[in-house]
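Please read the structure below before turning to the comments.
Order of writing sets the labels: A, B and C. Residues in every chain begin at 1.
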Amino acid sequence: MKQIVMTAEKIAEITGGTLYGDPKREINEVSGIKDAAANHLSFAGNKKYEELLNSSAAGIVLVNKDLANVSTENRTIIVCDNVDYAFAKVTALFAEEPPAPVPGIHPTAAVDPTAEIGENVSIGANAVIEAGAKIGDNAVIGALCYIGHDAAVGAGTVLYPGVTVMYRCTVGAKCIIHPGVVIGGDGFGFVPGPNGLVKVPQTGIVTIGNDVEIGANTTIDRARFGKTVIKDNVKIDDQVMVAHNVVVGESSILVAQCGIAGSAELGRGVIIAGQAGINGHIYIGDGSQVAGTSSVVKTLPPGSIVVGTPAESQREFIARVAMPKKVQKLEAKLKELEAKLKELSK
Amino acid sequence: MKQIVMTAEKIAEITGGTLYGDPKREINEVSGIKDAAANHLSFAGNKKYEELLNSSAAGIVLVNKDLANVSTENRTIIVCDNVDYAFAKVTALFAEEPPAPVPGIHPTAAVDPTAEIGENVSIGANAVIEAGAKIGDNAVIGALCYIGHDAAVGAGTVLYPGVTVMYRCTVGAKCIIHPGVVIGGDGFGFVPGPNGLVKVPQTGIVTIGNDVEIGANTTIDRARFGKTVIKDNVKIDDQVMVAHNVVVGESSILVAQCGIAGSAELGRGVIIAGQAGINGHIYIGDGSQVAGTSSVVKTLPPGSIVVGTPAESQREFIARVAMPKKVQKLEAKLKELEAKLKELSK
Amino acid sequence: MKQIVMTAEKIAEITGGTLYGDPKREINEVSGIKDAAANHLSFAGNKKYEELLNSSAAGIVLVNKDLANVSTENRTIIVCDNVDYAFAKVTALFAEEPPAPVPGIHPTAAVDPTAEIGENVSIGANAVIEAGAKIGDNAVIGALCYIGHDAAVGAGTVLYPGVTVMYRCTVGAKCIIHPGVVIGGDGFGFVPGPNGLVKVPQTGIVTIGNDVEIGANTTIDRARFGKTVIKDNVKIDDQVMVAHNVVVGESSILVAQCGIAGSAELGRGVIIAGQAGINGHIYIGDGSQVAGTSSVVKTLPPGSIVVGTPAESQREFIARVAMPKKVQKLEAKLKELEAKLKELSK
């Protein structure tokens, strides 16, 4: 972390929050509520954390409204509308920057002379840029990255080391792509032929919007024809699999190890949690949320919240989980009735 | 896509299908039924797509027999035995080729002088080929690939950029391997020892047949001893995990993110759908199909079709899914009986 | 395998086992019980393998106590306390060594002059070592590896080709890291802002202990702040996802394709089987075991053994699996009662 000292009143100013307690209290570090010391800023987003907060040594704590009346004896409290956002804003000021990319082309990089390289671009050691590729201004192409023929990377985008962008695929501006990501491998398509399985050519591309982030070792396959589309502001975690011809709407979130099968379409602001699976050729309406490890097999209307395999409503899922107990009760009741009936029939 | 104009009668000739409507109608593009315009060829594989087909503007449509009597007023219909195969055949003619590999060894590649490089081989920028490796004629080793000591890659096989083939492993002829694939990492084996877990040496290899395709970031582990075997014509999607000593039979299909645990053996023509898991040391009979996200824990006879966790028949799975409703009905019935009994006992 | 001939009495000496049958019998290969021939050493760990053992041609077989009385007519039996460990010990002697790393820095590697490289280090072709990185004595940095700014790799650790260690992250001594592993990609954190999702800076690191093994294409994310921690002797399989701020305790085992969500903490000796998922912000007690494909959503006390989604005890899981049959029985019984009641009410 950077060596910065900050007062509570300064933090209240930055976050727009309301301060309770000593405005002059100082911190020089940020940390989670469990590990926080007197010289730390921390945060508590909801009532669940009240106990932890009470036993925490944190000097200054950002809290939401329902924690506004915790003791300010040994700490200063700042009540914020959106604690997560406020804490992220302050944390960013303490964050040690990642190492700054060195502008220019590393002498070991293999850059085809026909590639178009923008202003102030950084290309790392042993990176490979093929013929016809276009790299936008201020972009960073990490060491050992591969940019295929006629592929494009937008302005200000950062590719960390070891990213592969296959031929003709395009990545927008201000994206962040983590190591090991593969954009534009072939979609998976085969048909039975006379002598075994025959490959269906995958002649399309992948196109990725602006402000997209993609986690380590995620794979996004090129379309059978046309495009696999990741729209603006989409955030994708590690080891996610996006199949051919999928469309992911603006500001959607795909959490680690989830998979989206071919030609599925996700609306805006959809959240697919970790290890969940979305069937091919279905539509997930705007703002829908799919719980972790769930399998969605049918189209979902906007605003759906589903869980389970096959996915159903939370109410249905909870009822299903509770079934064994319910059946046990039925069994007991049935025995009771049987006994009564026996007695009656005597 | 390539700039080609094709008549309906030419397409009927290529596919061996039966033409209804104007044989002179021309198209210059191929696309899905939803997006198709008057100058497009499209396809509809079954009755489910009838409505979409009727509202589609596609100029020429390949259909299967049960769609043979759709209107030919604004379109030409070609009835095919295997629509998917026929459409793939025509699509291949329109497909823009991937960039052609440049024959020869890129000057930045590090090729050990003892490696045997076949005729007309292409080795990309910054690739690494270790001592004793053998690369067959016409093979393509993409940029940033790693071919380990004494490993072998067969004739005509294409390794896209960033593929790793570890020491002594072998890949057959005419395979396609996508970026980030790792062939021959150690199998996962440890035994409790006096001072913690002790590694079980993984001394075997991976051997991959001919005409195999492997998707991005898939991993196939080397055997404990002997071989992990992928037989001819097997097709593997992205992010699949094949553990040590597994055998995958001819023409089997492993869909994205599925995992095959150690020493499992899959017969011919098996299909493991996305995110499914196959237990170790079991056998999956020829032609079996495992539904997405299922977990198979026991050996399956040939031709099995299973779903769920633990995997069961489709009939059993559907019954299980319907259970909450069934139990609700039982509950209602039980209440009814209880009431009757009460009345009777008065 | 190495060309070695070994007698049964020698093997008994190495394993500390008790020999039954001919002590002079010789083998020159090791293999699984199914494939074993007369010149092979094999093993059978429990009663389940008795039939296979009886029909096996293996010349010498390591067995555990409950198989001590199998026939020694055509074979020699060695009874061991821990068959797996004993077999691994002998197998290691037959194991052909992986190719020996070449000490020194390959001329194509890009090593920053400020990096500190220990004694007898091997750095492979086209590897990249950034400024301030530290590589311990006898470490092996495979071809095409990337070691970021100020990152550290401990003495005797082996990084196979294509491993990425991002800036400031640390790997301990005597670790083995397989191809495609990414250590220190950003944790996944975003908050809704006025113009879409806003990145939460991930300013921490990953720190990995000694004697850790990590399988191909696994990803371990850097902490939001502080550290993501993998403690000594932890063994991680392929394609595992460890999110930011996770702590994995000593000698724990993470099997292929499992995922550990952010800030979860695993105790010592925990086993998470394949494709399982651990929720964020929970604690898994020492020695707990989570079955394959299970989802753990709540903290588990030490020694827990759980299965299913959401995870429950084995007894509960078995009862849940058996539910459809139970309900069928209840249904039948209910019909019976109904009939009796009808008769009675006449």
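As a convention for this text, a residue touches a chain if its C-beta (ideal position, glycine included) is under 8 Å from a C-beta of that chain, and two chains touch if they have at least 3 such contacts.
Being a predicted model, the structure only gives us computed values, none of them experimental.
J.: Between chain C and chain B, is it the same set of residue numbers doing the touching on each side, over half shared, or a different set?
T.: Chain B and chain C contact each other through largely non-matching residue numbers.
J.: Through what angle, between 0 and 180°, must chain A be rotated so its C-alpha atoms fit those of chain B, rounded to a multiple of 5?
T.: It is a rotation of 120 degrees, to the nearest 5.
J.: How many angstrom between the C-alpha centroids of chain C and chain B?
T.: A distance of 26 Å separates the two centres.
J.: Distance from the CA centroid of chain A to that of chain B, rounded to the nearest Å?
T.: The computed centroid separation for chain A versus chain B comes out at 26 Å.
J.: Hey, what residues on chain C touch two or more of the other chains?
T.: Residues 108, 126, 144, 162, 180, 217, 239, 257, 275, 309, 323, 327, 330, 334, 337, 341, 344.
J.: Enumerate the contact residues on chain B facing chain A in the complex.
T.: The contact residues of chain B facing chain A are 1, 30-32, 35, 82, 84-85, 88, 91-92, 94-96, 98-99, 106, 108, 124-126, 142-144, 160-162, 176, 178-180, 211, 213, 215-217, 232-233, 235, 237-239, 250-251, 253, 255-257, 274-275, 292-293, 308-309, 321, 323-324, 327, 330-331, 334, 337-338, 341, 344-345.
J.: Note which residues of chain A are touching chain B in the complex, please.
T.: The touching residues are 108, 110, 126, 128, 130-131, 144, 146, 148-150, 162, 164, 166-167, 180, 182, 185-186, 188-193, 196-201, 203, 217, 219, 221, 224-226, 239, 241, 243, 245, 257, 259, 261, 263, 275, 277, 279, 295, 309-310, 316, 319-320, 323, 326-327, 330, 333-334, 337, 340-341, 344.
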